[in-house]
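Two complexes are shown next, each including subunit A; its partner changes from subunit B in the first to subunit C in the second.
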Partner chain A sequence: MAVARRNFDAVVVGAGGAGLRASLQLAEAGLSVAVLSKVFPTRSHTVAAQGGIGAALGNMGEDSWLWHMYDTVKGSDWLGDQDAIEFMVREAPKLVYELEHFGMPFDRNENGTVYQRPFGGHSQNFGERPVQRSCCAADRTGHAMLHTLYQRNVRARTQFFVEWMALDLVRDAKGEVLGVTALEMETGEVMVLHARATLFATGGAGRIFSSTTNAFICTGDGLGMAARVGIPLEDMEFWQFHPTGVAGAGVLITEGVRGEGGYLLNKGGERFMERYAPNLKDLASRDVVSRAMATEIKEGRGAGPHGDYLLLKLDHLGPEVIDKRLPGIREIAKKFADVDPVKDPIPVVPTVHYMMGGIPTNYRGEVVVPQGGDPEAVVPRFYAAGECACASVHGANRLGTNSLTDLLVFGKAAAESMIKFLQENPGHKDLPKDAAERTQARLARLDGQKNGESVAEVGMEIRRTMQAHCGVFRFPDMLAKGVKKIREIADRATRTQVKDKSRVFNTARVEALELDNLIEAARASMVSAEARRESRGAHDRADHHSRDDANWLKHTLWYKDGDRLEYKPVHMKPLTARSIEPKVRTY
Partner chain B sequence: MRFRIFRYDPDKDEKPAMRDYEVALDPHDRMLLDALVRIKEQDDSLSLRRSCREGVCGSDAMNINGKNGLACVTKLSGLKEPVELRPLPGLPVIRDLIVDMTQFFKQYHSVKPYLINEDPPPEKERLQSPKEREELDGLYECILCACCSTSCPSFWWNPDKFVGPAGLLQAYRFIADSRDQATAERLDDLEDPYRLFRCHSIMNCVDACPKNLNPTRAIGKIKELMVKRSV
Partner chain C sequence: MNMTNVEMNRLRWSCRRGLLENELVLERFLHAHAASLEGERLAAFRTLLDYSDDELWSLVSGRRECGDPALGEVVELLRNC
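For the complex of A and B:
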């Protein structure tokens, strides 16, 4: 069957913070850009970010990009690439100012500058004391940022394809990426979007876990599409558990609560973080706080009738501070935990929040893969930015606020790389004849499937398995069983069936197509975690309790083809600064 | 728990119909969206939009027992049975609970919902006092869910001419911003019997807003500014 096609200079998949920052750059450069999004842009998951954007503006006291860089490298447990980290922290202030110029409603200080709050792992003078570095709009920073970027794209007349789901990457025989196939959800039509350059800004895959702060749409679509055309996924064993998800509901409570002076208590009313991180206490890195919480629960000091959560106390901040700085949190606590934090503490539990790994890129946003002895050969015409990408600035553990920084910096950097490439390489490359074949085969398989598996059931199995076998604490036998289980589930995922055959807005079909992506993200995570025999950042193994730089200071690469792993070196050399050598990580 | 849900698939149905569902809930199912996810497990053809499940993305607005709201922050415990669910009123239905929001977004886009300031930007941030910034509270938090505009009779009758509460709230969000320089232009654009003045302050929008925002007040402020500049 012939599939319609359209030509663009650039195709951007995803309209969250990274996609919108990139599309703005591309549209303002006068290029023809198509931005595809499964949801209306302001519904992308960036909207749920709360606490702030990390940038060393120094509005609240002395700060320096060198300190931000140090904190990020240490936060990453030395797995972050130091060139990419230097690039990010140096670009960050410029991009925050620019966002302010776009109209972002940042909170303000008396002197009119942007207000910044303290956040976990961010410090003055290389770890000495907390610093106020998080630029925020109350506890709705992601919402304010996403809407501001969307509004700026409206001004730039960016062309959006709203409720279009990208299904597969088009790659030719030479390995060059020539666009995507996509499904228009309203009509059920499939189209090839033929591009001279393609950017993935498809977000994370937090929906592979049952307890997650992530939205329903965070199904790792970019990861699945990349993996299916032979591109490896990097460092997928590193999943961030945010210390404060609402117990039972999973909804996020920003670290900004602790930044503003809130703290965690166990059932005895003890401020237990003092034992685990004597210096930064509740503002230690997220992996450290989440592990401390899991330990408290495991050792019987959890609160509540089943001893399975901890308490986040903030009533001492007073209603004025809470209503001014944390109004959204008060709303969430009332709705999802039935407590008013002005009076009572919020029951919280570590909850999956962020994927440090993703599609391997360099700090220019170009996708890189090992080829002919080069561990980082550029995949022509293919770019990635934001949570779906692994630059790697977050290494084994991301610092709070650095995700929004990442979206802005690498969204823009990737777009600038694309603009340069497009200037130097005029014209479209020919589409291969079979450009839509993979997609058509997937859709035909799904439509024709008889006696198949339920999408909801297989999805539930993925989430249960990841949660039970790949959690905060990881055990060798559980990981080994987890690999076996997830491979079995991957087999079941090839036989999913949907009853709904309608062409019009068939969300059952969309969920089945998402499952094809979820399973790749899950398999990559489990297999990579099972193989890494050390504890680093968010990856904590019961049989190898410490970090092992001699053997494991390296990035994992998982390939779908053969379900196999390779490794590549970490960039220890920054662009201009002095290298930050690994040392013991305490807070 | 019992539900009556509006169903319509233009691919096979001649006309819409209400369908009854009964679903067993888990103790963890707190919100209406949790129940809808369970119903979809039974009947995968039920179509709705949803994403963040915490009331911030604005996807799952629908008409719940006669009132517009977000399924993800509507507690099941407070709902009368059978819970009657319909698509947002006043917009064309694409399928089931999914409406075509083109007209709604067209109106939003029509107010130039972006900061206009033609001065060359300074090296750092533009300064804004906390008091000036406070003017934006209650305005910038809009999630574009359309609960307000689709509860407004003036928007039902003239969706192509009346900006509607959501769009007008955003128009005022930029008028109120100390950094914006286009107030005169924005007021000129709204000084029209339809675009602004179809609002008769019946305040359905205030009642419907799941974020507790007050579009009627913002509209009142725009009208005040118009009066002020005419004297």
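For the complex of A and C:
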């Protein structure tokens, strides 16, 4: 069947912070740019970012990109690539000033400069004392940034394809990327968007976990599309967790609750943190509390019908203290846990909120894969930026505020690389005849499936399995079983069925297509985590408590084909600075 | 008149937001009130869906009061979801 086709200089998939920063650069360079987004651009998940943008402006006291670099490398537990990190922290101040000139409503100091807020993990003079480095717009920095960038894009005449879902990458016989196939939800029709260069800015895949702070759209679409055409996914075992998200909902309960005297109970009503941290108890650090919670659940002391959460008790504080010192908590608990914490404990569980891994890129935003002895050969015409990409600046754990920095810096860097490439390589390459074949086969399979699997049930199984087997604290037996289970679920995912076969705005069909992406992200995470026999950053194993630089100072690459794993070296050499040598990570 | 399947799907998709808190509330709202969504109530709901995530959550969580009397009923229903 013939598939309609449109030509663009550049196609950008995703309209969050990275996609919009990139498309702005491309459109202002006079290129024809199509930006595809499943939802209206200002409803992208970037709006949820509250912390701010990390950049060493030095507005609140002395600061240096070298110190920001040190904090980022240390935060990454030395798995971050030091050339990419140097690039990001040196570019960051310029990108913040650009955003200021675009009209971003930053908070200000009395002297008119951008105010910078303190944030954990940021220091002066290589860890000596805290520094204020986070540029923010109250608690809605992501929201303000997204709206600012969207307005700028409208001005630059970027073409938006809203409520379009990219389905598959188009690669020719040489492996060059020539655009994407995409579904227009309104009509249900598939189109080939033929591009001279393609950028993925599709965000994270937090929806593979049952407890996640991520919005419903975060289904790892870029990861699935890349994996299906043989591009590996890097460092997918590294997921950042917060100890207390409302079980089943994912909405965060601030750490202030424990600070004010709230504490955790298991199903027997035992204050279990007394066993794990006799002195600090519930005020121990995030990883200690999360690990204790995971152990309680693993050993059968979790509460609830599935024994998969713990209870956060604060009724003993009394309604006055709760209302006065913890505003909003009662509302969130009532709304999302259906309990009034004045009377009953809140069910909580360690909750995923950021994916450190993704599509492997260099610091120029070019997608790179091992080829002919080169661990990082460029995939021509293919770029990635933001949470879906692994540059890698976050390594094994992301430093707070660096996610927005990442979006801005690498969104722009990828666009600059695309502009340069397009100047040197005029004209479109011919599309292969089978450009839409993979997509048409997927849709035909879905439309024709009989006696198939329910999309909702398979999705639930993915989330439950990831949460139980690949959570914040990882046990070797659970990981091994998890690999087996996720492969079984992957097999079921090839037989999903939707009852509604209609074309126009068929959301059931869209959700089935999203599931094809979720399962790849889940398999990559589980298999990579099972194989990495050390603890580093956010990957915490019960059988290997320490970081093992002799054997594991390397990036994981997972290939969909046979769940194959390869590894590649970490870039320890920055662009110009001195290398920051690994040492024990203490705060 | 009740909405067609397609109209309902469009409305459901508009409830996909950048902020999880809003999505969870909107999902429950549709579960509870989809059948009675018509006329002024539907128009009010659509207006609220055009709000930014930040504005919507401020209203739903009670951090801000709704200045528009035409939206008051639906805001109240959302707060109770």
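Everything that follows uses one rule, which is that the second predicted complex is superposed on the first by the 481 of 587 C-alpha atoms of A that agree within 3 Å, B and C clash if a C-alpha of one lies under 4 Å from a C-alpha of the other, contacts with A are read in each partner's own complex, and residues count from 1 in each chain.
Basically, a contact is a pair of C-beta atoms (placed from the backbone, for glycine too) under 8 Å apart; a residue touches a chain by one contact, two chains touch by 3 or more.
Bear in mind that the values here come from a model prediction, so they are computed numbers and not experimental data.
Trainee: Specify the outcome, clash or fit, for subunit B and subunit C once both structures are aligned onto subunit A.
Mentor: clash
Trainee: Let me test your reading of the model: by the given contact rule, A:336 touches which partner, first (subunit B), second (subunit C), both or neither?
Mentor: Touch partners of A:336: subunit B and subunit C.
Trainee: After superposition on the shared chain, which partner residues are touched by A:561: those of subunit B (first), subunit C (second), both, or neither?
Mentor: In the superposed model, A:561 contacts neither subunit B nor subunit C.
Trainee: Output check: A:154 vs subunit B and subunit C. Expected answer is one of first, second, both, neither. What do you get?
Mentor: The answer is first: A:154 touches subunit B but not subunit C.
Trainee: Mind working out whether A:189 is in touch with subunit B, subunit C, both or neither, as first, second, both or neither?
Mentor: In the superposition, A:189 contacts neither subunit B nor subunit C.
Trainee: Tell me which partner A:100 touches in the superposition: subunit B (first), subunit C (second), both or neither.
Mentor: first
Trainee: Would you check which partner chain A:215 touches, where first means subunit B only, second means subunit C only, and both and neither mean what they say?
Mentor: In the superposition, A:215 contacts both subunit B and subunit C.
Trainee: For A:430 in the superposed arrangement: first (subunit B), second (subunit C), both or neither?
Mentor: It touches nothing on subunit B or subunit C.
Trainee: Touch test for A:477: subunit B only (first), subunit C only (second), both, or neither?
Mentor: A:477: touches no partner chain.
Trainee: Out of 152-160, 188-196 or 206-214, where does subunit B collide with subunit C after the chain A superposition?
Mentor: 206-214
Trainee: Of all the subunit A residues, which ones make contact with subunit B and with subunit C?
Mentor: 39, 42-45, 47-48, 140, 143, 147, 215-217, 249, 251, 328, 331-332, 335-336, 500, 502, 504-507
Trainee: Help me check something: in the complex, which residues belonging to subunit B touch subunit A?
Mentor: By the definition above, subunit B touches subunit A via 9-12, 28, 30, 40-41, 43-45, 47-59, 73, 75, 94-96, 98, 101, 105, 109, 112-115, 117, 121, 123-130, 132-133, 136, 140-141, 143-144, 174, 177, 179-180.
Trainee: Show which residues of subunit A lie in contact with subunit B when the two form their complex.
Mentor: Against subunit B, subunit A makes touches at 39-40, 42-45, 47-48, 57, 96-98, 100-103, 105-114, 137, 140, 143-144, 147, 151-152, 154-155, 186, 215-217, 248-249, 251-252, 328, 331-332, 335-336, 454-456, 498-500, 502-508, 511.
Trainee: Touching subunit A in the complex: which residues of subunit C?
Mentor: So the residues of subunit C in touch with subunit A come to 5-6, 9-10, 12-13, 16-21, 23-25, 52-54, 61-63, 81.
Trainee: Which positions of subunit A touch subunit C when the two form their complex?
Mentor: Listed in rising order, the residues are 38-39, 42-48, 140, 143, 146-147, 163, 185, 212-217, 249-251, 328, 331-332, 335-336, 500, 502, 504-507.
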